[in-house]
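These are the structures in question, set out in turn.
You will see subunit A twice below: alongside subunit B first, and alongside subunit C after that.
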Partner chain A sequence: MQAVRIAGAGSTAFGASPERTGRDLFGEAARIAIDDSGVPRAAIDRLCYGNFVGTVTERQGHQAPLMAKAAGVTAPATRYESACASGGVALKSAVEAVRSGAADVVLVGGMERMHNVTTERATEGLAMAADHLYESRAGVTFPGAYALMARAYFEEFGGTRADLAAVAVKNHRNALGNDKAQFQTEISTSDVLEAPTVADPLGLYDACPITDGASACVLVSEAYAEENNLDAPIAVTGAGQGTDSLALQQRDSLTRTPATTTAATAAYDEAEIAPSDIDLLEVHDCFTIAEVLALEGLGVYDRGAAIDAARSGETTRDGDLPVNLSGGLKAKGHPVGATGVSQVVELTKLLRGDHVNSAAVPDASLAVAHNAGGTVASATVHVLEVRS
Partner chain B sequence: MRDQRADGYDDLLDALESDAGYYLSCPAGHGSLPPRQVCPTCGDDELSTEPLPDTGTVVTFTEVAVPAPAFAGQTPVVVIADFGPVRLTGRLLDDPDALEVGSEVVPTVASSPDGSRHVGARLASKR
Partner chain C sequence: MQAVRIAGAGSTAFGASPERTGRDLFGEAARIAIDDSGVPRAAIDRLCYGNFVGTVTERQGHQAPLMAKAAGVTAPATRYESACASGGVALKSAVEAVRSGAADVVLVGGMERMHNVTTERATEGLAMAADHLYESRAGVTFPGAYALMARAYFEEFGGTRADLAAVAVKNHRNALGNDKAQFQTEISTSDVLEAPTVADPLGLYDACPITDGASACVLVSEAYAEENNLDAPIAVTGAGQGTDSLALQQRDSLTRTPATTTAATAAYDEAEIAPSDIDLLEVHDCFTIAEVLALEGLGVYDRGAAIDAARSGETTRDGDLPVNLSGGLKAKGHPVGATGVSQVVELTKLLRGDHVNSAAVPDASLAVAHNAGGTVASATVHVLEVRS
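Let's turn to the complex of A and B:
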């Protein structure tokens, strides 16, 4: 099995750019990642590309060939779709392609463009991540589904909206100075608590924004990096994926995300690590409650124990275990199909020392990325480690 | 989209409309909702049809203030209720003032303004 290194990483600015086409956004992210890697385009063996609602927002199916040409790549290209985990599953396939020896160099990335349609249309597109017959038809929106999970969590373990607000405040603070982030502004607890309700108990500031953007990484085999004298100090040492029932009603518990745990267990086993070895994480905080559920599913907190992790300071920039130093989906933004790759772009820079927040984790050597689709019916976990 | 029936799903809605709701059960007792070729939990293909309990207990709910286009201008209230072997997600058709976790609900059929049918719920206390 070939060991996997990240040779290059890059993202577009995240935010509202309705006039920019998907092909333009992905072309930019790919160009940045390829330039960062020092790998010639002709060496790329395949493209793994994540996208969720492009068939709705751009009326564009069959995007992989389009994106390959946008990146200037002639290699075979495939689009991966697992809702908000589209980028994560594309990444896992890219890792597997290098490990197996099927490829020495893989361009992996994702893109989403949503501001070119109305908020209602984008919301409708995102709701397609839920069970159409049993959830969407009954009025469940994407925020509504997480609101159902949040209330169930409060009932089972306690916790308050102020606890969740601390997650939003933390992640906005982390995005200050991240020039790729959609929101580079601080918010207060009262801003979160007084924001309009989206689906009670969740308000507007409990939710990540609608985001346009793209991210990409160049993965190479360790042998290729050595033969070509690439500066690629970050290794992907673990990759895992989990699947759960699409509909919340089919699950044993509304406060557990077993797909996350399945993905984490597989990734930790491959990397031969324990949760206590993790120095920092990027987790899928599409809503504030989602960060809480992720930290418990990943095994870094016991069940019912992560609700006050942000409020107590444990997961803040200066805490024992910084979470979402990029700003997370909440403040960095959530270009859905790109997010799973975007998390790894941010962690790569954080570990290499060229991220605006690298100073917060000067001795970090092991990071975990967690990407989730829908209400975590899909999840991926990747372990990144610093190598010489 | 054509107003096409969905086998299994619409059959369940027809049954709920006649107060004759049901669920599917495998020999191990795992409950599920139609349509199913096999038990989603264990894969067993011996599925029997069992009567749905008359009432379920609300385990969580939300009032959606920013609704999907099908509910434009409304704030649908959605509950997930526990009926023992299965849970059902349904839109509450009563005033939600008396709704709380633990409320008993009766399953029924509801329609959205665009005419599509889905599972509904009424508070047992208001029956």
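Let's turn to the complex of A and C:
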């Protein structure tokens, strides 16, 4: 099995770019990642690409050939779709391709463009990540679904809106100075608590925004990196994926995310690590409650214990276990198909020391990325480690 | 590298099933394939699933978890989308997973449901396989795009509508008695030539139909098959994929399909075969001209030489090189996301001797499946061989 290195990583600015096409966005992210890697385009053996609702927002399916062209790549290109985990599943496939020797160099990335359509249309698209027959058709949108999960969590373990607000406040603070982030502004707990309710108990600031953007990484085998003298100090040492029932009603519990746990267990086993070895994480905080559930599903907090992590300071920039130093989906933004790759772009920079928040984790050597789709019917977990 | 065997294969009936949901269709195909394999569901390590326009026709993205549930599988599930080659790319990924040892058993399949929406809406969805900015937005639908290719072919190499009609007549004849096929009826050359023109020079019978249906295969490693005494005589010995510019206007030629050639070259190299070794093929005949272009792209005919293959009888049921013995997309039907897998289901049966047309190829030991997306911006080629 080939060891996998990240040779290059890059993202567009995240935010509202209604005038930029998807191919334009992805082309930029790919160019940044490829330039960062020092790998010639002709060496790229395949493109693994994540996108969720391009058929809804750009009337464009079959995006992989389009994005290969935009990236200047002629190798075989495949689109992966697993709702908000589309980037994560593309990444897992890219890791497997390098590991198995099927490819020496893989360009992996994702893109989403949603600000060119109305908010209603974007919401309609996002709702397609839920079970149409049993959820979205009945009017359950994602704020509603995560509100059910938050309410169940509060009932089972306690917790308040103020506890969740600390997640939003933390992630906005982390995004300060992250020049790719959609919101580089601080918010206060009272901003969160006084914001309009979206789906009780979740308010406007408990939710991540709608985001246009793209991210890409160049993965190479360790052998390729050595032969070509690439500066690629970050290794992907674990990759896991989990799948759960799509509809919430088919789950045993609204406060467990077994797909996350399945993915984490597989990734940790591969990397031969325990949750206690993790120095920092990027987790899928599409809503504040999602960060809480992710940290518990990942085994870094016991069930019922992660609700207070942000408020107690443990997961803040200066805490023992910084979470979402990029700003997370909440403040960095959530260009759906790109998010799973974007997390790895941010962690690569954080671990290499070229991120605005690298100073907060000077000795970090092991990071975990967690990407989820829908109400965590899909999840991927990747372990990144610094290697000499 | 693990050798890959097909342990089970199955499809739903293809046709119009507007009352059946996508999950219902896929659940049936998966059940047939799993039952055929003798593999317990708990042994399945992953689901690779192809679907194209579920967001348009069922307002359902994120289908992989849904289809895993429908198949009774709890393993990680991923959706692949490459337009009409979605099934093929899912299959290639499944083959790679078994080869690399990442999985011992993979359920691979695909599904499309389109008869539950209007023909206009289905056409709108299918058009999303083309470049929206440069093709579909300008009014180019797939009959129009393939008509351009047919006209260019006629100008470059000669050929007539009657030559193409022979492809449709052949494929309809092949579908007689194939109990899964959408059209189990013969047509005559004059039926084809007198049918309404869809996009000159292509008429109604030059085009494949809109189809609801699902297909699935169970792939296993040779070691798993041996250890579990599975009857799995068909091996996948080659798998290739190619990508081209999405828009026709960006191609050097309208009569070449380089993505097919790239995929074929890779698959033949892996299998260590030459085109002359092939006993029968299933190729992507979404239009009659597409079968001609496929046979040339695959290297089984020289450029300009495949136009007469069906009329001269070479590719008919009783010819030297039977093509689309299933009936092809033309008569068996084209449930888009399932098609690439459906071709392998049909070839598996043909090679095992349990297909209505097996009698036509009693000594066949090597078959090729060719799946294409859009105007062949994506293509996959798989080589199947009979093993003891």
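Just so it is clear, the second predicted complex is superposed on the first by the 388 of 388 C-alpha atoms of A that agree within 3 Å, B and C clash if a C-alpha of one lies under 4 Å from a C-alpha of the other, contacts with A are read in each partner's own complex, and residues count from 1 in each chain.
Heads up, the rule we're going with is that a contact is a pair of C-beta atoms (placed from the backbone, for glycine too) under 8 Å apart; a residue touches a chain by one contact, two chains touch by 3 or more.
This structure is a prediction, so every number in the text was calculated from the model and none was measured.
Colleague: Is A:Q241 in contact with subunit B, with subunit C, with both, or with neither (first, second, both, neither)?
Modeller: second
Colleague: One more residue to check, A:T74. First (subunit B), second (subunit C), both or neither?
Modeller: A:T74 contacts subunit C only, not subunit B.
Colleague: Go through the superposed model and pick first if A:V108 touches only subunit B, second if only subunit C, both, or neither.
Modeller: neither
Colleague: Which partner chains sit in contact with A:Q250 here, subunit B, subunit C, both or neither? Use first/second/both/neither.
Modeller: both
Colleague: Subunit A residues in contact: does subunit B have more, or subunit C?
Modeller: It is C that touches the greater number of subunit A residues.
Colleague: Kindly classify A:A264 by the partners it touches after superposition: subunit B alone (first), subunit C alone (second), both, or neither?
Modeller: Touch status of A:A264: no partner.
Colleague: With both complexes superposed on chain A, which partner does A:T141 reach: first (subunit B), second (subunit C), both or neither?
Modeller: First partner only.
Colleague: Touch check for A:A306: first (subunit B), second (subunit C), both, or neither?
Modeller: After superposition on chain A, A:A306 lies in contact with neither partner.
Colleague: Can A:L133 be said to touch subunit B (first), subunit C (second), both, or neither?
Modeller: Once the two structures are laid over each other on A, A:L133 reaches both partners.
Colleague: Quick one: is A:A175 in contact with subunit B, with subunit C, with both, or with neither? Answer first, second, both or neither.
Modeller: Neither subunit B nor subunit C is touched by A:A175.
Colleague: Residues of subunit A that sit at the subunit B interface in one complex and at the subunit C interface in the other, please.
Modeller: Subunit A residues touching both partners: 124, 127, 133, 136-137, 245, 250.
Colleague: Would you tell me which residues of subunit C are touching subunit A in their complex?
Modeller: 21, 47, 52-53, 55-56, 58-62, 64-66, 68-69, 74-83, 89, 93, 96-97, 99-102, 124-125, 127-133, 136-137, 241-246, 250, 262-263, 373-374, 377-378
Colleague: Going by the contact rule at the top, pick out the subunit B residues touching subunit A in the complex.
Modeller: My answer: residues 6, 9, 32-33, 40, 59-72, 76-78, 80, 86-91, 101, 110, 112, 116-120.
Colleague: Which subunit A residues qualify as touching subunit B in the complex?
Modeller: Residues in contact with subunit B: 120-121, 123-124, 127, 133-141, 143-144, 147-149, 151-152, 155, 196-202, 245, 247-250, 254.
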